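Each structure below is given as structure tokens.
There are two complexes below, and they share subunit A, which is joined by subunit B in the first and by subunit C in the second.
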Partner chain A sequence: MKILVAVKQVAALDEDFKIRADGRDIDADYLIRDLNEWDDFSLEEAMRIKEAANTPGDIEVVAVSVGPASVDESLRKCLAKGADRALRVWDDAIEYSDPIAIARVLAAVTMREAPDMLFAGVQSSDHSFASTGIATAAFLNWPHAAVVNMLNYTPGAKTAVLRRELEGGLLQELELQCPAVLTIQLGINTPRYASLRSIKQAAAKPIEMLSLADLHLVANDVGESGSSSRVRRMYLPEKGRAQLIEGDVATKARRLAEIIKEFRGQT
Partner chain B sequence: MVATTTRILFETFGATEVRVFYAFGWAAIAAFAWGVYVQIRKYRRGAALTLEGSLWARSRAMISMVLSHRSIDRRDAAAGAAHRLIFYGFTLLFIGTATITLQYDFLEPLFGIRFWQGEFYLIFSLVLDVAGIALIAGLIHMMIRRGWMRLPKLDYARPDRSPGDPDFDRPQYRREDWAFLWTLVIIGSTGYLLEGARLVWLQGRPDVWDTRWWSPVGAMLAAGFQEVGLNAGGAAMLRHGLWWFHGLLALAFIALIPYTKVKHIFTASGSWLARDALAAQRLPRIADSAAQPGVAKITDFNWKQLLNLDACTKCGRCHEACPARAVGAPLSPRDVILSLREFAHATLESGVLPDAAELDVHGKGPGQVSMETLWSCRTCMACVEICPVAVEHIPIIVQMRRKLVEDGAMDPLLTKTLQTIHKTGNSFGESKRKRGAWSKALPFTLKDARKEPVDVLWFVGDYASFDPRNQKVSQTFATLMQEAGVDFGILYDGESNAGNDVRRVGEEGLYEVLATSNISALAAAQFKTVVTTDPHSFNTIKNEYPDFGGKFEIQHYTTLTRELFRNGKLRVTRPLKYRVTFHDPCHLGRFNKGYEAPRELLTLLGCELVEMGRCRANSFCCGAGGGRIWVPDPVGVEKPAQNRMKEAAAIPGLEVYVVSCPKDLTMFEDALKTTGLEGKFVVRELIELIREAIPA
Partner chain C sequence: MSIILVIAEQRRGELRPVSLELLGAAQTLRREGDEVVVAIIAQEPQRFNKLLSVAGVDEIINVVGAMEFAPDSFESVVSGIISERKPELVLVAHSVDSFGYVAALAVHHPMGFASDVFKAEYVAGKLVATRGGYGQKVCVELDFPNRKSVLLAIRANVFKAPDPSSTPRLSIFAMPAVQNRSTAREFIELSAADDVDMTSAEFILTVGRGIGEEARVPEFRKLADLVGATLGCSRPIADAGWLPKSRQVGQSGKTASACKLYLAMGVSGAIQHLAGMKHVSTIVAVNTDAEASIFSVAKYGIVGDLFEIAEELRRHF
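This part shows the complex of A and B:
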């Protein structure tokens, strides 16, 4: 039995970042990369299911990511936390793929691996499309549930019972046919700590590389040609009219009074 | 007549009776030897360890410590004095008895040598009488401490257990303490009674009777016996009975040494012999071959640590000194040691080693240590520093934490902090690039030591780089150095968290990453000496980086500044008249003995220094050490820093509470507010006082 966990290496902004020359993304020099926070939880959920099983050895947790070599660092973290295998898919043609194109790749990986479940995070912290997991389900034509914050699943079972977060504080309990795609919400568990020692040891474990050909895909399936959307530009909005008044209470009060007078045209 | 005077040994004893006595003697020796074997087998079940340094130097240090009783005198001179009486009394009596055996069983039968008679015997007799008095007096003082003074540190109730738990206050220890004291008192006093009875019995023999005042206590007792009408015949019977009672009790005592607290005679000496003077300052590395980091099973401790457990005499000094214990946290260093000792006793003394599962020292069962206990530790070294028998608690606790870290068994906030440090190289989660940003506010450009040579390389540390309050102190220090004409610079984003606290949390892998990164940054720069404003960084760079190939000359800013004053580079122009007290930072004071420089500076500045009760080696940790600065203390209970503020507030007219550590500044400024003492006095970095005394 197998649980496939799709993970993403996300980027966070460093101080004083710059937009890339083409205006469509941040200059890579200013990005700090790490495993997507949601994926910490989905991997942990898979690990817990494995560890709770009667024979954990029969359950394989496989982490998969689509990205260049730098993504290995995040996959190593998954291996350090206990994933049995890690797969990375890359081809230069994949650059500029949108979530739909990435989902196409993940669906192909899923077909190849034939897991009992596919987990993904609800969204990524950098681009926040919240669509990769669900789009993968669409390509696979599998049942799916998004924003799962409680899961009751025994590997090999025909169905899983889960709870989803809805708007307005509502919860929904769902019984779902397996195999299925679940996108996991933060807080479903407490992710374990990957000690530096375990990360170091994971460095010795292999990461399997998959090419487009391995997945029976062609260059047109990915990248801009395989995508349904395209980033036009990325930018910081112009400063609004809000301003922060600094100083002690008296100074603040005086400045506030001045502003009010300015607005009323009294000065 | 005097020349033949000697002790009466087996006179009037039949051959069988002597043989019976020897049989008991041999049985006692056998029981003792078996006990020693079992203990040594227990220690050998621990992990291997090779001691550094020569055995000769170690032995000399140990003998000096044992004979001088220096470590027992500290913070409890009365206990030291009483123990000295017991130790020397017991030792003399033991040597005396051994001398008898030496002549009677070896020298005389083998070589016909007799020395134990005449003047030698009389002096011997006097010395032993005095020794016996010393022994009994010391024991009685110990009884008074336990029975009447009821010192809190001798209360075995544990902060990490609740009343009702099987190992909550361990009454078996109290029974053992009293049995030990009474046994020795009875052995000592029956010795005198026996002596008195012998004198009365042999009053007709001038060689005995005329020299009786060489055993003054015995002679007085003899006079007493005669007073109540005891005659020679009665005394002979009394002497015979007492002889057996005293002899068998003494043999039983010897037989029981390895099985009871009496073994501290050997284990405490062994502990001193194996002592690591930098036990807390320089933590052990994890061998590359280690299957798992840290201690999971009792057998993962090394033999010396297992010996340390047995050396503990439950004196309670660490219990008293521990800041976590003082504020009611579920930790007493004493109880960590005793728990593990009980655990080792239960698992490692049988012929066959139990299954690995039964050797797990983590948990809440009897003898196990819970994670709450381990995470309460601030690694402030108060326990290691005061231990009279050289128990090294800190490496024991940190090695157990290493296992917890590997299992992720820690506060989620700590997990988060470790991940942050891994990602950004600092605990604030700030961008690496911003590390030197505080220097932008300076009116001059701080040299980048990565790009140009400097005399002094300033290792700034996390708190002084990123915490807004401490950034002001950093700016002040930079200005002072500039004004003093020091050629200095910093590593900017080449510097990472020094790792001192990461290592003490137990995240050794991350520590290695940080240490090697800083070492290569330092090695690439050109400088004469390193200075740091952060005692935590100071400790790890000074004591631990050398283990990773980074040998740098480093000083804390207090010694560098003192030098600048001595050379006249800095001059006080406006003496401060403040009444101040100084808080010794753990890592500067206890860890690295930097007690004097800050005090000299305060005097130079014109301040009146009033010491707190807990100062210098006994300084009370602010609560931030060992990674605890990253985990908030529970709400509603006193924090160590608050406890400290109350202590300082008791100094009449105190104006400034002076610190010389960034974490102290943060902790105490906060505690001053939360204790409601704000306005009574202020917390200041020593650097700020220097600035005040040298107005720009």
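This part shows the complex of A and C:
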């Protein structure tokens, strides 16, 4: 039995950054990369399901990411936290893919791996599409549920019971047929830290590479031609309306105290 | 003539406010000769017709369906309406329910698609949608080459609801026969365990992940007491169990409804956090990152270390 976990390497802006010459993205030199926060939780959920099973050895947790070589670092993090295998899909044609094109690739990986369950994160912390997981389910024609913050599932079972987290602290409990695609929400568990020893071991583990041809896809299925949108330009938002309180720490704190006291009518 | 199709949202018999905001967005995007058609799926959809009869709405489609959201039936209804009406533009909310089926529509229909859109306009006759990127630090403009129609999931609290005044046509769309692969069981409200009522607090001091570790929480409890504020938090603090969930401000937590002064310390200003507090008239943000998006909603900004500011602040009370 198998749980496939889709993980994304996200990018945050460095303190100083530049928009690329073509105006359509940030210059890659100014990006700081890390595993998407949501994916930490979905990997942990898969690990817990494995560890709670009667025969954990029969359950494989596989992490998959679509991205260039830099993504190996995030996949190694998944291996260090206990994933049994890690897969990476890449081809230069995949650059400029939107969530729909990425989902097409993830669906092809899922067909190849035939897991009992596919986990994705609710959204990615860099571009917050909140689309890739459910689009993948659509390509697979699998049942799906989004924003799952409680899961009761035994590998191989025909149904899972879960809770979707709605707005305003409301939860909805439902029963879902499996195999399914779930998008996992923050806080569903407490992700573990990898031990130094497991980080060392992970460094030596292989990362399996898949090409488009391995997945029976062609270049037109991905990139701009396989996407439902195209980035036209990126620009910096107009500076917000915040009036900056300047000065040394003491001056700033004094002004803050004044604002609070004004509010409390104590001036 | 082309159709702008809007999918309204209801939950437990209440129209969600974002539904009217979508109609506001439709108004701004409507061109000469366009028709705005809004669909509502509910057990008794006609109950919402009056609320949906706002300026600029030409037609309301009632779909008699399940009481609550189910991904399979919603997808097949909206998919069916799209196939029948062939709208050039479809507007849905970027909401939790939408997270559950909208991307699947984009897979099954050859439409352009963008989520969490906060601005949309026609530029030289072509639709351009804007969303955030890199933690909302940049604006990303998207277009949809070679697409005849476009599906946009629109961010809440951006567009204004139109005035209530129209007399739209009414029509009915028959619910297609669907095998739902999920069965809704029950709703669960978290509020039972509240230790404090964030919605009635007038002055809130919120701590975010910038506080770094659990051991620092007590000093901010004390600081909140000292300055007369109610202590709130962002989601990671509640998820980690450092403060109870009832103190979480934001989309999946509480709305700071009565708040007049909101002091955010070490909060980046993610859109889901802003959903619970950006309306507050006086927001003060303390953050080491001058580019943090919390500064875009704050009235006063302090670029600096929250521990240093807190330390100094204490001396004044």
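Heads up, the rule we're going with is that the second predicted complex is superposed on the first by the 238 of 267 C-alpha atoms of A that agree within 3 Å, B and C clash if a C-alpha of one lies under 4 Å from a C-alpha of the other, contacts with A are read in each partner's own complex, and residues count from 1 in each chain.
By our rule, a residue touches a chain if its C-beta (ideal position, glycine included) is under 8 Å from a C-beta of that chain, and two chains touch if they have at least 3 such contacts.
All values reported here derive from a predicted model rather than from experimental measurement.
Novice: Touch check for A:A242: first (subunit B), second (subunit C), both, or neither?
Specialist: In the superposition, A:A242 contacts subunit C only.
Novice: In the superposed arrangement, which partner chain does A:D14 touch: subunit B (first), subunit C (second), both, or neither?
Specialist: first
Novice: Could you look at A:I134 and tell me whether it touches subunit B, subunit C, both or neither (first, second, both, neither)?
Specialist: Only subunit C is touched by A:I134; subunit B is not.
Novice: By residue count, is subunit A touched more by subunit B or by subunit C?
Specialist: Partner touching more subunit A residues in the overlay: C.
Novice: Between subunit B (first) and subunit C (second), which does A:A52 come into contact with in this model arrangement: first, second, both, or neither?
Specialist: A:A52 contacts neither subunit B nor subunit C.
Novice: I'd like to know which partner A:A219 touches here: subunit B for first, subunit C for second, both or neither.
Specialist: Neither subunit B nor subunit C is touched by A:A219.
Novice: For A:I32, decide between first (touching subunit B), second (touching subunit C), both and neither.
Specialist: first
Novice: For A:R232 in the superposed arrangement: first (subunit B), second (subunit C), both or neither?
Specialist: second
Novice: Is A:P143 touching anything from subunit B or subunit C once the two structures are fitted on A? First, second, both or neither.
Specialist: In the superposition, A:P143 contacts subunit C only.
Novice: With both complexes superposed on chain A, which partner does A:Y193 reach: first (subunit B), second (subunit C), both or neither?
Specialist: So A:Y193 only meets subunit B here.
Novice: Which subunit A residues contact subunit B in one complex and subunit C in the other?
Specialist: Shared contact residues on subunit A (touching subunit B in one complex, subunit C in the other): 15, 190.
Novice: What does subunit A use to touch subunit B in their complex?
Specialist: 14-16, 32, 34, 190, 192-193, 195-200
Novice: Applying the document's contact rule, which stretches of subunit C touch subunit A when the two form their complex?
Specialist: Going by the criterion above, the answer is residues 11, 68-69, 71-72, 94-97, 99-104, 106-108, 111-116, 128-129, 131-145, 147, 181-191, 203, 227-229, 235-236, 238-241, 245, 251-255, 260-261, 263, 271, 282, 284-286, 289, 291, 293, 295-305, 308-309, 311-313, 315-317.
Novice: Going by the contact rule set out above, which residues of subunit B touch subunit A in the complex?
Specialist: On the subunit B side, the touching residues are 286, 293, 405-406, 408, 410, 412, 415, 418-419, 422-424, 430-434, 507-510, 512-513.
Novice: Per the contact definition, I'd like the list of subunit A residues that touch subunit C in the complex.
Specialist: Of all residues in subunit A, those touching subunit C are 11-13, 15, 19, 26, 98-100, 103, 122, 125-135, 137-139, 143-147, 161, 163-177, 180, 183, 186-187, 190, 224, 228-237, 239-245, 249-250, 252-257, 259-261, 263-264.
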